[in-house]
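The chains carry the letters A, B, C and D, assigned in the order they are written, with residues numbered from 1 in each.
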Amino acid sequence: MDFDLAERELDLRELCATFAKREIAPVAAQAWEDQRCPTELLRAMGELGLLGLLIPERWGGIGMSTVGFVAAMEEIGHADQSIAAAWQAHTTIGSLPLLTFGTDSQRERWLRPLAEGTVLGAFGLTEPDAGSDARGIATRAVRGDGGWVINGRKAFISNAGTDMSYGVTLLARTDDGADERATYGSFIVEKDTEGFTMGPKMRGIGWKALDTRELYFDDVWVPDEQLLGDPALGLNQFLSTLEVGRISIAALSISLTQAVLDLALAYAKERRQFGRPISEFQAIQFKLADIATELEASRALTYYAAFLRDAGRPFRKEAAMAKLKASRTAAWAASEAVQIHGGIGYMLESPIARFYCDSKVLEIGEGTNEIQHLVIARALGC
Amino acid sequence: MSLQTHTIEDFRRDVRGWIDSNEVAELRELEHPRHRSLRLHLRFGAWIGDDDNPLHDAWKLWVERHQRDGYICPWWPTMAGGRGWDPIQQMVWTEELAAAGMPRVSRGLGEHLVGPAVFLHGNDEQRSRFLPPIIDGSDIYIQGFSEPDAGSDLANLRTTGVVDGDDLIITGQKVWTTVGLIGNRMFLLCRTNPQAPRHRGISFVLIDLVGDANIDVRPTRQMTGESEFTEEFLTEARAPLANVIGGLDNGWRVTMSTLGLERGGDATTAHLALAAQLGNVIEMARALGRSAEPVLRQEIIRSHIDIELMRFGGARVGGIIAAAINGDVAMQQEIERVASASKLTGAEVEQRIADLAIRVRGMEGLVRPDGDGYRTDQMQYELLWSRALTIQGGSAEIQRNILAERALGLPKDPAAV
Amino acid sequence: MSLQTHTIEDFRRDVRGWIDSNEVAELRELEHPRHRSLRLHLRFGAWIGDDDNPLHDAWKLWVERHQRDGYICPWWPTMAGGRGWDPIQQMVWTEELAAAGMPRVSRGLGEHLVGPAVFLHGNDEQRSRFLPPIIDGSDIYIQGFSEPDAGSDLANLRTTGVVDGDDLIITGQKVWTTVGLIGNRMFLLCRTNPQAPRHRGISFVLIDLVGDANIDVRPTRQMTGESEFTEEFLTEARAPLANVIGGLDNGWRVTMSTLGLERGGDATTAHLALAAQLGNVIEMARALGRSAEPVLRQEIIRSHIDIELMRFGGARVGGIIAAAINGDVAMQQEIERVASASKLTGAEVEQRIADLAIRVRGMEGLVRPDGDGYRTDQMQYELLWSRALTIQGGSAEIQRNILAERALGLPKDPAAV
Amino acid sequence: MDFDLAERELDLRELCATFAKREIAPVAAQAWEDQRCPTELLRAMGELGLLGLLIPERWGGIGMSTVGFVAAMEEIGHADQSIAAAWQAHTTIGSLPLLTFGTDSQRERWLRPLAEGTVLGAFGLTEPDAGSDARGIATRAVRGDGGWVINGRKAFISNAGTDMSYGVTLLARTDDGADERATYGSFIVEKDTEGFTMGPKMRGIGWKALDTRELYFDDVWVPDEQLLGDPALGLNQFLSTLEVGRISIAALSISLTQAVLDLALAYAKERRQFGRPISEFQAIQFKLADIATELEASRALTYYAAFLRDAGRPFRKEAAMAKLKASRTAAWAASEAVQIHGGIGYMLESPIARFYCDSKVLEIGEGTNEIQHLVIARALGC
């Protein structure tokens, strides 16, 4: 066994640490306060190659391992969760379907700019009324005019509405409803396409600098070349390409836990009560030790899932476990860290409050933790 | 032979009758989420801003009817202008108002902290000077207890009070003051004898905020986006010595006994709000078709069980408070114990319910509503607000530690947080 | 005006007086850990084995004094031979016995389940035939409810009862029977109408275990090393139809109402045992010089808070039971709700305290005492025994699920464990 | 990163799996019931080289990595916790002080038989009244008759009283009590030494097949060559060689969690209620998924600590974390697994009850979890 990062991964981590510290940390609080996606930072990340992290060099990326991606996320997410969330949405679900299902000419046209970091990627899966079961989506694409006509509505879509967005790749049902078996396809819709509109930026409890919107498709026509892969693909086959998203949220979660641990630790060493730094009180020490321990366990599990993906082995169960464990740890740790801070931690402007608010989505996004439980139970043979 | 008594039900019938005859139906509208901020102010005793609101007249009418029939601060002793209700009666009153959808007319901290401090520890002159303006709503009090270095460790307070002729000159900073912008007066603790041991040498003072008060009240913004709390800077602010309640340097005792009563009062009714919040979660689960999900049900019922137990605890505290208002010190300690238990459980249950609500609701629950300012909807507000519950007024850890000493006689160790 | 009543204190004085005059001091010795097994038997109504024990005579004297003054099954209605005490009185009785260090004279399941089934649902003939032998201690009952496939899902029971002339012929297997070896009689549920829906067609029957009963009682050994539970094999065992309580096929109703009462009774006093266990942990922590350890204190006080809340809950249930004994069915449902809440909380608190005890004690706590057989000391016993508390009599999950339906009206889903 | 075992480690794991299944599993329940340490099994393990696992070949061992040791423990402990406990006590604290502090001639004489598996190793640290702070030990060794005279008492000592035991290595204070700084030394005491006696085998709640006793030293004289290392060594320096014991208990814990998960899963698939296998009920599925997730996290963390040791880096904090996390998970998982079993799980003879009883010591032994918290907090700078 070897828990060390490879040299290339270490270099990447170093790069991200520097960028996070110099570029992200100084502006993160303001972007959160302004509820604005700082695309200038994402463009800068693109220039460093960070937007093509998981994409091979052939298509403009840097062909990094999943392990390296997790390591990079640890640095980015430690500085700011919103920017990390935008970055990971771009890097995973925003780009990978194009890599997996695209033809070479599609990759050249749409994937390369994503990987080179000139535009921001988005993927449209969730719908307002579909609940957490992707099978329930109502958006449909039907054959028409030598292409496809798309109608429907998507919700909670990240990265589609910024000044750096090119459009969206979305999932739609392609059967006519009469078939026994539902089929699904995904389609590239560029931003100025007729009939494609979107709502205002949603205002969240956390992730406030992330651009998230509802997207509306009203008789949107796209040519065949904007269909990605086989329109008769089953859903599971398709969704499996998104499983790395769970690793990504797990990585985001561990970066948050590390951030709140660092903040709580620093505060506890500085804050004095009853004449001593509160870090000397056993109750505080135990809390900090517990957070550090659960963090280290979550981290090891997350890297394990990433390793499995890199090794080309099945990682569905482990990715679900990593997501479940790391997000639950993050939400709990953020709450404990606020508790350690006392009143100051409850102020909206405090960094710990920002991370606390950001922590809430981790247990719900990218498949609720209820879903992760079911995925794991199924893998156990239940 | 049975010890049961049915007079509670007689009382309940009377109360229900009064509410039926006097209710102002428009006020049911106050339950709407858009009035949350207003409701918060009303809970603290003031209708602030929003005077154009058509409900304002309805509210005034409802208050007048209370005043006419003596239903303001009804649990205060009759000598203080109340009806001398015991807490079981209060609980019935609160339950019946809730059942009718009518808001309770509260005089806020004036009713729950200043009033008891004055009628338990004040002299006759202070009673006649301070109590009537609380009842008639002209004095709205805010609380000046916590300081930057005196939160959980309240006795560590640094604000000084120096005697100067007939006045006390007060300088220091207060934080974590609930809705501090709505008050015209403040009750505060300051150190009037720096030589005395920590818990002695502290005085409990009432002071004016309006006019040339030398008190700067600054709003701060909390996680919820609201300014539930403010901070105050006092720079040689003056209060007459006649405003010191319970005598100079005796403020700690005054505070402990009245805080105990306040917590006791909260304990009698705390389950009602929790039950309502849990009810909302259940409604939400039903609406989303999730009410049959087994694991969700298990979590819902866990909270329900804690609320049920709190309900019974509330009734118990009720009995004790009645005795304590008559000045029984041993009873005050018993209230403190029981009320702490209820507060600690309640805070954690509330956090759990708020968290459950968000999980039941999914992504939708994380999107804040449109509108000006920093809006949150009710469940979001509860999620964020509930985070403060184990911090404010002494952290849960400190409170459990105090309980370990007082209720179980474990060795004293104030530093053993 | 105040609704408080002080007659509880009068009652307490009377009880204390009786105990003072009648106590048999030697019985304090029963508290010693070496008598645990005996205590368990006494709790279930029988002095079994150990007849040479010098305490046996003391016990007989103590029981005779109870019988002389009518203090056996004192909460039974007077028509059933009791004193008609309400549960608050019972609670006072239990508290005062505990304070005096005297054991409660219990008639076990005869007192708590069979008696109520008979006086609530039996006919006059059954009352006069079955109740007196319970009171005088000649009939000791064990419970035949659970089966291999009917634990949490009790209505799934398979034991059959076939009418044959004036008899019922019963065949099947019962498990999870508490201290089954001590009884001379069993009350059981069997299916007398296989065509009826699950909850109908079940009968509640009393049957003899002695003589040629065709009932084989086999001990099993549990984690504690004790045989707290037995299993029974019934092969065409005969009981007269006149022993069916509440009528053929009506056993489910009989069971639910009496189980509710039993749980209600438990709920009124459950906090006492827990408080004692927590007290032992605190003593242990003191003895080991660990009572000032902050994190330990936090855990201790958490359990204390739950126990306090249960104490109040107990008092509340008390009031309701009084009404239910007079046959008020709505009240019975309320008891069931409240008692379930108390049982569920109590089970988890007991597990938590038992676990805490072992952690406070360290390695010493894991070493079983010397002596014959499979010995465990009191804390070890509690640790292992407490593990059964969320399993026996319906798992905690099932119980919460039932509560979700009954108390909160969530959709019915028996399979939604 | 690489989470795979090396070939040699894999071979070892395979060997242990076979041995556990064929030799341990069939007799474990009986040995537990009889409360007897099955030294015949330990001798057989010795023949396979398993008793010299962490000892270099030069001294008769097989020089396995710590990672390989954890992997081997996963198999042994899965079959039985008592035997695994005896084995790990021998392999870690029973042997390692001789390796670390022994001279070559001491290693030849005492370590080689331990490593070759002909005798069983024990280490005497804990004392009845010393609490959990090793600094409080009262056993003393004083200079006398050209050697050392030892007086004192040790408690909860594993492996010293079997028919395979050679004696014990024990820790004693070597200062005369007048010095400011306490010094400690350890001494080899063979079993027939005059004045060295022991109590009967203790009867535990769990680990019933493990031989654990009190040891009494009454003017026990040993020659200088039975002194191990420098008698003026500080305690911490000495105890640090025992830190691998924490990894060992963590490994034992994950083996228990895996065992109870397997038992609960098998039972849930077989047991029917309300007309369905209970494994189909969501509440059961969630419990199983939670156990599997926490197990995987504990496992990854334990291997991480082992990896650090193998890499020659500091691992004190991570070993404490692994012990804390894995033992807590094991105790909780065992309880949940009993709950899933219902009544049958509460029977003394059921396998799940055996593991449940065994789980209790994990949180207490080898430094209570309170101690682990403090070690971690200190490492965090509190």
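Convention: a contact is a pair of C-beta atoms (placed from the backbone, for glycine too) under 8 Å apart; a residue touches a chain by one contact, two chains touch by 3 or more.
Keep in mind it's a predicted model, so treat the numbers as computed, not measured.
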{"item": "Pair exhibiting more inter-chain C-beta contacts, C-D or A-C", "value": "C-D"}
{"item": "Same-interface partner of A-B, chosen from the options B-D, A-C or C-D, over half of the pairs matching", "value": "C-D"}
{"item": "Euclidean distance of C-alpha centroids - chain A vs chain D, Å", "value": "42"}
{"item": "Centre-to-centre distance between chain C and chain A (centres being mean Cα positions), rounded to whole Å", "value": "54"}
{"item": "Sequence positions of chain D contacting 2 or more other chains", "value": "281-284, 286, 373"}
{"item": "Numbers and ranges of chain B residues touching at least 2 other chains", "value": "293-295, 298, 397, 416-417"}
{"item": "List of chain C residues in touch with chain B within their complex", "value": "1-5, 7-8, 11, 84-86, 88-89, 282, 291-294, 297-298, 300-302, 304-306, 308-313, 315-316, 319, 322-323, 337-338, 341-342, 344-345, 397, 400-401, 403-404, 407-408, 410-411, 413, 416-417"}
{"item": "Residue ranges of chain D touching chain A (in the complex, touch as defined)", "value": "1-6, 67, 265, 268-269, 279-280, 284-286, 288-290, 292-294, 296-298, 300-301, 303-304, 306-308, 311, 318, 321, 324-325, 372-374, 376-377, 380-382"}
{"item": "In the complex, chain A residues that touch chain C", "value": "281-283, 286"}
{"item": "Chain A-facing residues of chain B, complex", "value": "146, 149, 151-153, 156, 175-176, 220-225, 229, 288, 293, 295, 351, 358-359, 362-363, 365-368, 370, 374-376, 380, 383-384, 387-388, 390-392, 395-397, 414-417"}
{"item": "Interfacial residue positions of chain A with respect to chain B in the complex", "value": "126, 131-132, 155-156, 202-206, 272-276, 278, 281-284, 335, 338-339, 342-343, 345-349, 353, 356-357, 360-361, 363-365, 368-370, 373"}
